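See the structures that follow.
Shared chain: subunit A. Partners: subunit B in the first complex, subunit C in the second.
Entry: the complex of A and B
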């Protein structure tokens, strides 16, 4: 599988990525970060287009940079809207297929399959120049999978797509992940990533801030108590009990006495005690909802 | 060509050269010598040119001054510097370099396709100039050997100039400026200087190989007159060609091709 080991990339004095290590597992992984965080640099390194200043990027033990044997297993959809505009979508895909060693006939068949996987039909016979942004995105994605790669790297693949196309593309990405391919999708739009996967890699200022499943990552952020919303019939009574627990940092009331927001420092201990409490007596809890056990909260805590 | 990737790159390069607006510029340069021949023949016929200028001389002067010193350098400069630079500018290089093809193979196939197209154009230009200059002359068939030699040298000049400018297009940030300086400054000025220095120009060696250069009638022709053997010229050109191509392969293998845009993450 694809392995990034202590990779740094400098552009003169500017650091693109800084000592990043990660291993991509089968399935979909979201690559998150604000603009300029180093997402594209990391993807370019993994696609064999950039040479690491230090460290290494390898696929099944082989260095990726300018290595045809490794590149055979990688499909990359770049973020910039640059394509061979004078070709039709199908011609472009056939060209890419042939560059991957397929005959013209095999490339045509593979192009049809790739286009089908991104839900693109007859529009692909148009010149790329005359395609909408969304269609061009789909062509870029189709070229990334035309040679049936094990690793698929997608840089902001949903940019410029309309809602139906987004939904189709998300479905396609999830399917590739379910097929056992390693799919890394970069985005700065959290809801997009959330709709594809719960596994994330978060980069900021060129550094790897966190990686793993979102709830695990959230748990690891010990500096920020987890916030849990509770709607209960008798808020005051429950609040008195909760503040006595060592795992509870604070309890605050909402608009009415039945709405509580609890800040928890040890989620496991809190869960255990709450379970015991629920077993002991009728608490009247109507809603129990973690407020920041999601990607958006994780992202803001780590990046802010 | 058995390799499918090479076939795809070859045909794509030819398509790019011939099915774009660049072809207009290409065609203009190809027909320029024809226009010049016709124009000079008109002036000769009208008696505006006093010196005796036969068909062979007219043709040979044009081959040296227009085709070898102008057309071939300009065409190879224009297409050679953009051989890979066009993809860099258009942001399409990641599609080529991200595929399982050796980069040297990409470069050499593109270079071969360019040489093929430019050689065809140059041969059309040389052949057309010969026909127009020699039409009606009793020497038309007698000078066919000269034409053949010129075609070989024209092809060779596309080969070496193409390699030079495609290398400059790979290694320089502003390849057009520096290529003009080398193609028309160094090549045309140093090529005329006496001494050993002119051996570092391509034009000098190509001139040596021309079968029928214009007679050494003036000071410039005397200075340009070659003192080296044709064998030495071929060796020099072969060494230059190998040097340019090997350097280009070395450079492209190490070249990075990130897909980035301003403000991107």
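Entry: the complex of A and C
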């Protein structure tokens, strides 16, 4: 749906985004990167707020920048507070709905729907000035979806939210993804991105480091052996067998002889051999747990 | 690839045409000012000089004959192009006009930049031109209170009280001259102030920039005139140029010490409008204004 092709954005001599290409499919995608990695620039380019220095961003084949027809299908929730403090949450949403071309009545109904989707009720009738950071975030998210966009771009939507609000927001984001919308969420909070989706886009120094499902990305990091924890009745015996395999880089013991941490260079080969071993005899394996097949490990391996 | 519900449907309700998307923004800008009593009083004060014009019309048409005041009234100015030129560029109104420009204009874009709402607006199906049109129209409408609106009222009074529609024909320049003056002076002022407002995140800074340029320009011109005695130095004086423009548009001879050539005056407003439009184009074309 939304396609980024060899996009670069320069701010004078500083490069914000460097030849990034990616395609967003329906569902939720996490946009990860450290501060200054280029996440917000990439989101601004996708929201049609910035003109790419080179390359193009298109939605359903139409360029996004300066194209109201394409922008109509995009909902953007920026990271900083982008609200009129003197209005109530509902008034602000009606205003946004009207800017999207709705009649007042339709905007009011859409505002109610949008507020419901972010689990916000009567609090939305308060002046934005008197709202907490979490509530303001929810109003900001509601304005991004008030016009039922196909593509929803959320820049750090969980910032400043308390745990219950975070849980509600994550639920809302997942729901939008399940409805078939393209949702791109930028965040620093890896575990929360992980609870929304396993599909990520990782940027660093303005470049695309990786994109895809976390396990696939992890698999592609061949320079780092995959670490697997094994809890087994007779650790020594298993360790002797494992070190002989070519796919095993190292085996180390934990606190006791039954806890092993195996570093594997070829996960597929290891799985195949382990399956054969389990079929041949009783090994007494109680726990088999990949230690770095998660977002946090992928992030640290690629960015650190 | 996961299987999704695909239950999402695009909003299918009534939708305003893309061309009119700026209307809510315009209304949102306009309404808060109309609710401010002090602002309304300020606008009312701008009409005070025009009451003089209405009073003149009244005196000439109602008390001119057989009232015992004939001689006194005969000495008073008549309502014509000269009076309109004087009213359009009177010092009182110019002072109030600058206050309104600073009050309304300085925050038009700067406030959106400060509150970061500009990203939300431009992230919607609203083009920068529509955004600027909504903002500019707000200021333009208030500036019209200083020229178009009272001029129109005075014309209506004049025609109504004399009962002579031919006055409008013989003084047609009052109508088109005022219109031309309003478009040139207000239009260039609006573009200039919008450009200044787009340069800062603080309405106060944008306002100070305007004050600095206008008042320092006038002061500098005054000093230069004292030294050189050349009328050309008034070229950079906004107040003087407004006055010259009003005289030129209404076909009234310009005072000798301001006798700049007409191309100079036009150039001043072209520079103001062109410079403003150029800055806005630069700031909005690549969306540098968002940074």
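In this section, the second predicted complex is superposed on the first by the 304 of 304 C-alpha atoms of A that agree within 3 Å, B and C clash if a C-alpha of one lies under 4 Å from a C-alpha of the other, contacts with A are read in each partner's own complex, and residues count from 1 in each chain.
Heads up, the rule we're going with is that a residue touches a chain if its C-beta (ideal position, glycine included) is under 8 Å from a C-beta of that chain, and two chains touch if they have at least 3 such contacts.
Predicted model only: the values in this text are computed from it and were never measured.
Colleague: After the overlay on subunit A, what do you see for subunit B versus subunit C, clash or fit?
Modeller: With subunit A aligned, subunit B runs into subunit C, so clash.
Colleague: Contacts for A:254 in the overlay, against subunit B (first) and subunit C (second): which applies, first, second, both or neither?
Modeller: Touch status of A:254: no partner.
Colleague: Go through the superposed model and pick first if A:178 touches only subunit B, second if only subunit C, both, or neither.
Modeller: In the superposition, A:178 touches subunit C alone.
Colleague: Would you check which partner chain A:164 touches, where first means subunit B only, second means subunit C only, and both and neither mean what they say?
Modeller: A:164 sits against neither subunit B nor subunit C.
Colleague: Which partner does A:39 reach: the first (subunit B), the second (subunit C), both, or neither?
Modeller: first
Colleague: Quick one: is A:284 in contact with subunit B, with subunit C, with both, or with neither? Answer first, second, both or neither.
Modeller: Once the two structures are laid over each other on A, A:284 reaches no partner at all.
Colleague: Would you check which partner chain A:26 touches, where first means subunit B only, second means subunit C only, and both and neither mean what they say?
Modeller: Touch partner of A:26: subunit C, not subunit B.
Colleague: By the touch definition at the top of the document, which applies to A:186: first (subunit B), second (subunit C), both, or neither?
Modeller: After superposition on chain A, A:186 lies in contact with subunit B alone.
Colleague: Per the definitions at the top, what is the overlap between the subunit A residues touching subunit B and those touching subunit C?
Modeller: On subunit A, the residues that contact subunit B in one structure and subunit C in the other are 44, 47-51, 66, 68-69, 71-72, 74, 76, 78, 80, 82-84, 86, 95-96, 98-103, 143, 147.
Colleague: If we count contacts the way the header does, which residues on subunit B are in touch with subunit A in the complex?
Modeller: 4-5, 7-9, 12, 16, 19-20, 90-92, 94-103, 253-254, 256-261, 263-265
Colleague: Help me check something: in the complex, which residues belonging to subunit A touch subunit B?
Modeller: Per the stated touch rule, the residues are 33-41, 44, 47-51, 66, 68-69, 71-72, 74, 76, 78-80, 82-84, 86, 94-96, 98-104, 143, 147, 155-156, 186, 188.
Colleague: In the complex formed with subunit C, which residues of subunit A make contact?
Modeller: 11, 25-27, 44, 47-51, 66, 68-69, 71-74, 76, 78, 80-86, 95-96, 98-103, 106, 110, 143, 147-148, 150, 176-181
Colleague: Give the list of subunit C residues in touch with subunit A in this complex.
Modeller: Against subunit A, the touching part of subunit C is residues 1-2, 4-11, 13-18, 21, 23-25, 28, 32, 115-117, 119-128, 285-287, 290-291.
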